[in-house]
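Chain naming follows the written order as A, B, C, D, E and F, and within any one chain the residues start at number 1.
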Amino acid sequence: MYLADEAWPDLESYFESESLALVPLGSTEQHGPHLPEGTDHIIAEAFARRAAEETGYLCTPTITVGVSPHHRQFHGTMSVTAPVFRDYVESLTRSLAEHGIDRVIYVNAHGGNVEHLREVGRRLRDAEVMYAIEWMWDESITDRIQEVFETPGPHGGPKETSLIQYLAGELVHEDRIEDARDGGLREFDESSGRVHGARTFYDAIDNTDNGVLGDQTDASAAVGEELFEAALDQLCQLCEWLAAQPFEDLMPNEHL
Amino acid sequence: MYLADEAWPDLESYFESESLALVPLGSTEQHGPHLPEGTDHIIAEAFARRAAEETGYLCTPTITVGVSPHHRQFHGTMSVTAPVFRDYVESLTRSLAEHGIDRVIYVNAHGGNVEHLREVGRRLRDAEVMYAIEWMWDESITDRIQEVFETPGPHGGPKETSLIQYLAGELVHEDRIEDARDGGLREFDESSGRVHGARTFYDAIDNTDNGVLGDQTDASAAVGEELFEAALDQLCQLCEWLAAQPFEDLMPNEHL
Amino acid sequence: MYLADEAWPDLESYFESESLALVPLGSTEQHGPHLPEGTDHIIAEAFARRAAEETGYLCTPTITVGVSPHHRQFHGTMSVTAPVFRDYVESLTRSLAEHGIDRVIYVNAHGGNVEHLREVGRRLRDAEVMYAIEWMWDESITDRIQEVFETPGPHGGPKETSLIQYLAGELVHEDRIEDARDGGLREFDESSGRVHGARTFYDAIDNTDNGVLGDQTDASAAVGEELFEAALDQLCQLCEWLAAQPFEDLMPNEHL
Amino acid sequence: MYLADEAWPDLESYFESESLALVPLGSTEQHGPHLPEGTDHIIAEAFARRAAEETGYLCTPTITVGVSPHHRQFHGTMSVTAPVFRDYVESLTRSLAEHGIDRVIYVNAHGGNVEHLREVGRRLRDAEVMYAIEWMWDESITDRIQEVFETPGPHGGPKETSLIQYLAGELVHEDRIEDARDGGLREFDESSGRVHGARTFYDAIDNTDNGVLGDQTDASAAVGEELFEAALDQLCQLCEWLAAQPFEDLMPNEHL
Amino acid sequence: MYLADEAWPDLESYFESESLALVPLGSTEQHGPHLPEGTDHIIAEAFARRAAEETGYLCTPTITVGVSPHHRQFHGTMSVTAPVFRDYVESLTRSLAEHGIDRVIYVNAHGGNVEHLREVGRRLRDAEVMYAIEWMWDESITDRIQEVFETPGPHGGPKETSLIQYLAGELVHEDRIEDARDGGLREFDESSGRVHGARTFYDAIDNTDNGVLGDQTDASAAVGEELFEAALDQLCQLCEWLAAQPFEDLMPNEHL
Amino acid sequence: MYLADEAWPDLESYFESESLALVPLGSTEQHGPHLPEGTDHIIAEAFARRAAEETGYLCTPTITVGVSPHHRQFHGTMSVTAPVFRDYVESLTRSLAEHGIDRVIYVNAHGGNVEHLREVGRRLRDAEVMYAIEWMWDESITDRIQEVFETPGPHGGPKETSLIQYLAGELVHEDRIEDARDGGLREFDESSGRVHGARTFYDAIDNTDNGVLGDQTDASAAVGEELFEAALDQLCQLCEWLAAQPFEDLMPNEHL
């Protein structure tokens, strides 16, 4: 069920019987020479909308702009500051509580939002208003991703490329995929950009000339489909799991 | 040009030659028994995207949730608080300035956002970062609206009904349009809800049982099309006018 | 009853029997070549103090500086930012609740404060602390004003000129009234300063060389007296109406 | 010169030749059974307006409500929170800088405002916007006060009683002056209310049943007049001293 | 008992039987040519830790950086802004309430923190979360200090010099003590730096070339010991007094 | 060089020749039945102070309380909220810039601070005030830790146990180390506590009964020494590397 498409009387029975909502969030930021700036929010929206269709839970409109200051040197990147993002998401989520929603899955596809969503989730849970958790598709199928890609890359790499090839192929510049790999940073892991243990980079441009990481030539729509469906299945299961929890179990424990 | 669909290298020439962006904003809130909750952001997005197509100016993704506390008693209304909304819009707009945008049209379709967008516009202008103005379609064709509808109604009335009939007819519950009129408040003007000059209502529910105002039976997709095209033409002209202004003329005057 | 003149033991019986207070607010900002900068707060104070005398309700001291950034290019305009103004008024109003006040009329005479007072009123009502509404004298007698003046002008026009002529005639530069009209903007209505529907001005100086709007030569102390007494009567009736409402009726409705 | 009484063209020459303003601030709070709640702002306004008359410097309208949470248990006390007060005063003062004011004297008559005004003064000075200092009349004539009163009392005592007897005698309940003394706390000094060095009280009511301190029977209008004139003379001298300082000398020193 | 040294199971019985904590606070700021920058927090920590040992009450770690903008022109001074300091102390103190602490003594040794701690104490008390009071050692033995030193000086004078000579003699540059006196401001009292009653200085450097006040040659470790032990005794008594108060007696009085 | 021990004149030459500072940060929070609550700040301080000794760079006092809401159910945990922590660290760091510091290493030993320090580092870098980076000892020797411990555990495990055994052995309850392991969660990795990819836990108590993770019986002071010295060596090298960078290279890149 997609909230924005419904008239209010048609939502009444949902709120009477269910208390879960899916909130998609992404970013609008550079994703290399081959992918659209909307990559993250296109992915998040696709997962949340499909999961809502499969499970019957409610999906809200997408928050399309997130915390992306690290891409600001590339044309077109949009961003809000971290405190503003947190407050916006918190306020928006609280408005769902007016209707009885007490658990939310932030269907997120932008790494730069993760910690902020977690901070918002803590605020809401500590206030005992809501139990909100963050889900990223690639975290739900980490093993499969390791198998499929040699260098998945955390940004604009073959993972995201495959998904956009599958979900919105017309937005992919297929003819630039080799350039994407060659002009970016192919190998990137937890130790990249660290000096004696300290992360010394702040911006994407500190690491990569064209804004992307990994080897995009491993990507294809077929792989995208497989990964999307596998992660979607995880998300649907998460919905069912979360809906089944008693609210008290989701709230903070008492002091010892 | 739609920012989210473009890869960053393809935006470079735009930012080199132009400095205007269209930012669509609406709300996700009850619009009566017959219209979808997304009414306002559907309308805003349609205007902004079409104007971008017609004129070639850049359109950003849509801010779908606005300031709607006055509809919170109706199922499904989403909202953020006014201070949070202002900060979110300001921060998002400032990120466009990184790329050279110095003038923005907030293509807005929610009355509850107007004063907040104006406050943000003032902040940005007084800081000499940006000239941002708010545009609502019905303000651009007020005479025509007066002619077409006896009781246009500021919320969920025939104006908005017609537009959604035209833009997303499948989301309109045509069979509830008489109910919309009969269960709402048919006559509403500046003096409605005022007591000895003071506005005494705060929430939609203080005035109207089903959340809407005006006589929706005057609405039709054909009227919607006419109004949409007329207002779109105004918006396109506004884009051209704004793009033609020297930046200094848009900035605050000196002290006397 | 004027709060500032009373010793605390003399307020006890008021708070025992009544729960309404009048809070006057205005601005200190340019009002053209002929009117004092205090015009708005002089008017607000006169209405609130007189209404308190007539009805016996409590009047607080006046907030003399409001939100006036749009007049900052003219010598002497004082202002606070909108967020600061809202917080100041909210905090001040909350302190009245300590003594049992649960309904407030903001007797306001500055257009630039209106939306901010409404936002504060919403905060207080949503928190179920207080029911506070904004009242402007000219909104209470709109028909009579239309009859009396051809071009009332929203700022420094014949409306405000008449009132100051009546209330504080010694502060009016009668010899500059023609200059006021000729050096300002005579005709001003909702469509003024709009381009294709968008309000494109932010500051008074964008529209008017000397800071005022309307035809001041229609003003006189006699007209001022008539309008003042007519609006005062509305305010007194509003006090009685508001005092008579059960508190629960003033608070937000339940969710449907 | 009183800003609120002037039309903007008449302020031009002042701002061309002078850069000092007097801003009166007080409180609206209980002052015992015998004095009006407006005591502090009445006193502040009297000093600032008279000093402006004597010296020709500019005086702004009065901020009548300050930081008075410690009196909230007594009927009628108004207050704003400390952060809100600081932001309001800062914002208001910054608006004077638009016209060239670069030095301000906060003519303050409420002890509870002192540290907050000092904090605001620091902000403005460290930002190199303005040099603003706080002045309280009794701090300018401490020796004379020690001579005149045995127990001056910091709140509602003979000092403030004398001044109101002189400035607004009609607001003093002369027949309650003995009660004021007998029902309050007669002796109060720096060590009062301290336990082993720690200030253990927060509210006036922790110390005094009727809200006042000192022996009010030593007060008279004649003493009030003498003290007022003596302190006024100090204030006028302060104005002249401050106006004579080069702006650079008022700004922060360089780092060593 | 020192909180940071304990494992959590060993704190359980304390929180079951007691509800008081000592929180030491100081500054890290210049203290003249002869004393270490840590002077204030070294003193605060010594008092709090010793009092905890003597009485058995709980002591937390020390907040070593406070509000010291007035020393920023001298090498090494660290500081946080006043609003940030207040929020940090408030938040930290609230976390103690999770474990049942409902009364706190801020063992403070920096004058620049006093009013801020008092503001935090008010917030916590008005919220009925906690009763927190500020204690400075020299305020607890004012008579003895007057006897011992001719010119105690509020900053870097013989008071603080003696204490550091006693507590951390190795950090005192004994060979610079005469320079400290001669290069600083020997005489300093409430009237210093006032002009016609107004405090006109903001920074230490406005008054003193080397950052200190008073005659340090009167200091010695022996005097330091005597003063420390005398004030420590006061602090221990304060702990016992505070622990003995019923919580309701520490909370705000009802409105009259 | 330890800032708090120095008198201001002795810091002058440092600031003339160097512009780097080490700021230690930790937490005060439960670390299981066997370790002191100060574990994190003891470790951070030891690294920062030793690195300062070895390299000659400046070390500031330690921030002992961090962001630890996830341990609040265990006795004694202290914490500040995330926004307050960020603002405190930012403000404190900015005060170092007054003296010419333009690069800072946050020597951090609390995982819960990491993202917040990174957010502060971004603010400071984007404002071009300072280049500040976060360093955690275990991130600098990840391979060695993998070799030494089977289950290092991110909190209160053998890593932290070893270090405290080495640095402050008297604070370790050796007789509870088996209990620590048996009453905690032995195996913990990135997938722990995740449900279909989402992190579903917020508090330590959601995962572990006694608050700790890993197998503490692998710990010893000897291992602690080895790890400490190895990581210290990394930190010293980081200092030298950072000091050698030209400031411009540390600042953000230009827009493409």
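Observations
Everything that follows uses one rule, which is that a residue touches a chain if its C-beta (ideal position, glycine included) is under 8 Å from a C-beta of that chain, and two chains touch if they have at least 3 such contacts.
Predicted model, so just to flag it, every value in this text is computed and none were measured.
Counting hops only between chains that touch, subunit D reaches subunit E in a minimum of 1. When the contact pairs of D-E are matched by residue number against A-F, A-B or E-F, more than half turn up again in A-F.
If you compare B-C with C-D, the chain pair joined by more contacting C-beta pairs is C-D.
Distance from the centre of subunit D peaks at A, each centre being the average of the chain's Cα atoms.
Separating the CA-averaged centres of subunit A and subunit D is a span of 56 Å. Per-chain CA centroids place subunit D at a distance of 48 Å from subunit F. Put simply, the C-alpha centre of subunit C and that of subunit D have 27 angstrom between them. Shown for subunit E are the residues in touch with two or more other chains, namely 12, 72, 74-75, 98-99, 255-256. Listed in rising order, the residues of subunit F touching subunit E in the complex are 3-9, 11-12, 15, 28, 30-38, 41-42, 60-65, 68, 72, 74-81, 84-85, 87-88, 91-92, 95-96, 98-99, 171, 173, 176, 211. Looking at the complex, you find that subunit D touches subunit E at residues 69, 72-75, 82-83, 105, 115, 118-119, 121-122, 125-126, 133-142, 191, 194-200, 202-203, 205-206, 231, 234-235, 237-238, 241, 252-256.
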